[in-house]
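Below you'll find a set of structures to go through.
The two complexes that follow have chain A in common; it is paired with chain B in the first and with chain C in the second.
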Partner chain A sequence: PCHDTARALGDSPASLVPCRIMPVRWSRYNPSYLEPEVKKESYQKPLEELTEEEREQMELKAVRPIKAAPPTLSSSVFSDPMISKFTNMMMKSGNKVLARSLMSQTLETIKRKQLEKYHKAPENEKVTIECNPYVIFHQALKNCQPIIGLSNITKGGKTYQVPVPLTDNRKRFLAMKWLITECREHKHRRTMMPEKLSQELLLAFNNEGPVIKKKHVLHKMAEANRAYAHFRWW
Partner chain B sequence: QLDRGCALHTAARDGLSSVSSQDVPAERPRAVFHTSESDPAKHTEQHEGRLYNIPLEEVKAVFPHGLPHRFQQQIQTFNEARVMVRKPALELLAYLKGSNFAHPAVRYVIYGERGTGKTMTLCHVVHYCSRQGWLVLHIPDAHLWVKNCKELLQSSYNKDRLDQPLQASVWLKNFKASNERFLQEIKTQKKYMWGKRESTEEGRPLREVVEQGLARVRSASDAVGVVLREIKQQSHRGSFRLLVAVDGVNALWGRTTLRKEDKSPVSPEELTLVHNLRKMVRNDWSGGAIVTTLSQTGSLFKPSSAYTPQELLGKEGFDALDPFVPIPVPNYSPREFESCYGYYLERKWLQHEKAHTEDGKAELQFLSGSNPRQLDRLAGPL
Partner chain C sequence: TLRLICTTTAVQRKNVGASGPEKYTEAFIKKQIEEFNLGKRHLANMMGEDPETFTQEDIDRAIAYLFPSGLFDKQARPLMKHPTEVFPEQRKIQWGEDGRPFHFLFYTGKQSYYSLMHETYEKLLTVQKHQDQLIAQDSSIPLQKEKRNLAGSRWLTKIELEEMLLEKVSDDDYSRFIQLLQKLVALPCADIEEKYIQKFSKEVPVQLQKVVIEPLQYDERGVAFSTGEGQRKTARATAVVYDNGTGKITVNGIDILHYFPVLQDREQLLFPFQFLGRIGKHDMVCTVSGGGRSAQAGAIRLASAKALRSFVTEKEVEFMRQAGLLTVDPRVKERKKPGQEGPRRKFTWKKR
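Now for the complex of A and B:
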């Protein structure tokens, strides 16, 4: 079976492909495949300006195969990986069109609310009002990210909630997950998602709201279970 | 370079007019793409591609209905109503200014692809006519009369026809809001009976007919019919000019999605409102003009690629409207696109930091294809 997988992955010699069962979610590409380069700026640089590493990279690209670009990777100046991740998490049963339109309506709603506030405010307060929906989104996510998490560790038959450091990816995931579940479950059934989400994001931007409270509750639990911290072995 | 040329060229001309406008002194002088000329009668080619302001009280008086929903949201967010002066509208205004009102009314059909600005052109013309003191009969969307009607009553006037009380009363309310003084001046020319006991005598102001329609919702459609008839008969006298502005006129000659109680489909001529409106759009009266818009967006049983009059009106509609003056509305020209983009920047609608760069602008132009609606939709989340 490992020779078959080797042949499937670009006809490389069997010695390069480790003989193991590849999990479905991990990449099935041979390690020799390179990532596609989407940024326009890197192609517009003339040859002289390139540094040594970049020249080497270019020569490598001439001989190595390149992975197929996923549909979410875009060369648009307006694309944001965080927004794409959030859109994917909002998506249900593969309906990316709906998820993306909900996301754009959310950003537009945030912008409208903030602009209305901005135009009505007196001159000295105008500087404090943030109208950029992307800045608000990123700041709100940052405010919602927990610093420390809890993990279930079983020792001597009993399961303890042990405080554990979180990776950046896990923090981002938790922040987005909490925001989306909060909007889906704890709001009135008839309110539209853009409206609910924009409200939550604006509250999180100002460090208020139920998601920030959830983060604080988690921190308090971790602080309370400080005694079990030595159960962690990694 | 074209823009800088425009800036120098028009800044000199507008220097005098911008001083006389009521700008707050602390604000910078309004940029190239604005014009302080808020009277549509004075718009010329010089103002093409620029945005003019309609004061908010005037918006409420002239457009109780009729503005597109996204434009209304934009008015609320920016706290001002700015409409772009474009070539099709200028063409129409020139025709209206030069038309002879002793001749039968000329029909103008504004057509174009989806989202190119046909309704906004119609609103520009409606604003011009109401500023000139015309009586404006504005039907915001004829498609609303042929679909999604919850109540259909059998008409008391003619057994074969069907009434739509809700739609008629909503339209009467908006019509009353925009044309108060005409309703006082125009008098009925014969006696009308509303059922067995109520009637409107001859010589009473038309306002009473409208109020009768609003009070007794069952007879609202008949009230609309009476209003249209009276206005049409009296327009040739010359005491007022009449503008019939219909958005989505292809609804009058298509199919409806309504059904009678025995589940048989309703054709448009069986509806009183549509029947009366068809009589209004015929060119057998004089003393005004008929400006209509084709619309595929709300239309029924028409393919989404159809935009020409032949396709959308069908044979029946085309023969009924023939002869008419067709007015095509294209996408934004490069100058109009610059103007719209500059307006969004100035009003802080484009917040994304990359949207201010040349790359962002080029991307917006490419993605929207210079289509006004697509540009608006794209600039929303940015």
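Now for the complex of A and C:
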């Protein structure tokens, strides 16, 4: 069946290939192409430290062709896949320049606020204050991620909200989506996005704020609908 | 109703059932081969070359010269190839004059496939018997199997198997056959049947370093440099990377800070240098045309990565390839389809 789909779509080039587990509907790349590995550290590991799987992966990579690295990915210390994903989600109508500038302004504002706090704090508390905006961003996102989600399942004519485990991708997506919608809707007309975003991120970092509340509400709903958990069949 | 009067006999014959793919007799194929060889000699004479040493490439070039065609599909253009390549191999008649088939599995419908499966299973049984004998003698299974280089070889694809067996093989049958082969290979004493297994496995070129890396060139001042070309969407770029530089990069005569005001593009330009750790060591002069801002940056990135290959060891070239710096990005704008507003967006659905 996988071969037929590959041929029927007609887009993948003539070189034949074993079936993929998750066929992409329309990719310009032949399915045998592997994802590129951009981080420099993974190429500097000496041979002995690799496990069996990594050795196999290395051998496989030596034989198969590799896709081109996308323009958002780079080996420099400043490129972070999470930040790129967040920037893409903030982007409207393809205006990446604006989205990226908003993101950098947000990170700058976070740094400034934290530095202010740092300089005002007494000596013993200075250690606890986190100044690195990237660390704050990652921690805030982690705190916002829900553990369990709800899904609509129709049974016997009625639709129930069934608690369902979420994949990592879905958790990250929900956390980012909530942050962005929260910042867009509940802000004063005159406040700039970076300011509001930095506010929300700092609150989320300390496990406070409307996004964390939304996460808790979702958890409570899931707990309340615990009785319907057996409706899930996957 | 109008009845056609001046018609050919072919049109008048109606309601004739399809008789399957055209069968070519051996005599017909032989005649085609003779005609091809004669035609090859005639063509060589026409082109003024020696008929004895006229290869297939010469034939293709001659035909392309004598019959120029602007058709898009390469297979629709005039073609002159050896008849064995043009006419697909077909099976001869599988039954004798009395109507009795030769092969004992003829009535299964897939005689070659089932006979192949039988053979492979027999090999499997012999290997298992051998293993049992060894256990009975030594009570130890020799684990001499160092793992067959899985990455270096692959099984025959379905189409190659079909060509080998000269009959259609369905997806299920193919996967069953591959599973059986894998089972055979997984046994410790499978080395006995190595020859048989090799019939169905193909070598994959171990390194995809089929590309030739050009040596460095030196200009008048004695500075080493190398060129590279890159493309992305509609942008085409050429880059010349000089050694002993200060890290200055010029695009179309303009400094990159002025040509690429966006940080992302400059990051992409520096990506190959940063990956190799050679940021302040090279100078670069590039020319780029076509495409948009991001496409030009991607094209220059590819061009500079290709140019840097000459300055760097083979291992690092392999690392660059695995980082995705040396592959041409094939993604282009998708075409708009009729009946839709864009490549994917459909028209607004209106109830009435």
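The rule is simple: the second predicted complex is superposed on the first by the 176 of 234 C-alpha atoms of A that agree within 3 Å, B and C clash if a C-alpha of one lies under 4 Å from a C-alpha of the other, contacts with A are read in each partner's own complex, and residues count from 1 in each chain.
Convention: a residue touches a chain if its C-beta (ideal position, glycine included) is under 8 Å from a C-beta of that chain, and two chains touch if they have at least 3 such contacts.
Small disclaimer: the values here were computed from a predicted structure and weren't measured.
*Asks:* First (chain B), second (chain C), both or neither: which does A:Tyr160 touch?
*Replies:* A:Tyr160 contacts neither chain B nor chain C.
*Asks:* Figure out whether A:Ala68 sits in contact with chain B (first) or chain C (second), or with both, or with neither.
*Replies:* In the superposed model, A:Ala68 contacts chain C only, not chain B.
*Asks:* Just chain B (first), just chain C (second), both, or neither: which does A:Met103 touch?
*Replies:* The answer is first: A:Met103 touches chain B but not chain C.
*Asks:* Please indicate which partner A:Tyr134 is in contact with in the superposed arrangement: first for chain B, second for chain C, both, or neither.
*Replies:* first
*Asks:* For the overlaid complexes, name the partner, chain B or chain C, with more touching residues on chain A.
*Replies:* Higher number of touched chain A residues: C.
*Asks:* Quick one: is A:Tyr228 in contact with chain B, with chain C, with both, or with neither? Answer first, second, both or neither.
*Replies:* Neither partner.
*Asks:* Using the touch definition from the top, say if A:His119 reaches chain B (first), chain C (second), both or neither.
*Replies:* The answer is first: A:His119 touches chain B but not chain C.
*Asks:* Which partner does A:Ser76 reach: the first (chain B), the second (chain C), both, or neither?
*Replies:* Both partners, chain B and chain C.
*Asks:* So in the superposed three-chain picture, is A:Phe173 touching just chain B, just chain C, both, or none of them (first/second/both/neither)?
*Replies:* neither
*Asks:* Taking the superposition on A as described, I'd like to know which of chain B and chain C A:Lys111 touches: first, second, both or neither.
*Replies:* A:Lys111: touches chain B, not chain C.
*Asks:* Name the residues of chain A shared by its contacts with chain B and its contacts with chain C.
*Replies:* Of chain A, residues 40, 76, 78 contact chain B in one complex and chain C in the other.
*Asks:* Help me check something: in the complex, which residues belonging to chain A touch chain C?
*Replies:* Against chain C, the touching part of chain A is residues 1-4, 16, 26, 28-29, 36-38, 40, 43, 56, 59-69, 71-76, 78-79, 96-97, 100.
*Asks:* Taking the complex as given, what residues does chain C use to touch chain A?
*Replies:* 149-152, 157-159, 171, 204-208, 262-264, 267-268, 270-271, 274-275, 277, 294, 297-298, 302, 318-319, 321-325, 327-332, 334
*Asks:* Going by the contact rule set out above, which residues of chain B touch chain A in the complex?
*Replies:* So the residues of chain B in touch with chain A come to 73, 76-79, 348-349, 351-355, 357, 359-360, 363, 380-382.
*Asks:* What residues on chain A touch chain B, complex-wise?
*Replies:* Listed in rising order, the residues of chain A that touch chain B are 40, 76-78, 103-105, 107-108, 111-112, 115-116, 118-119, 131-134.
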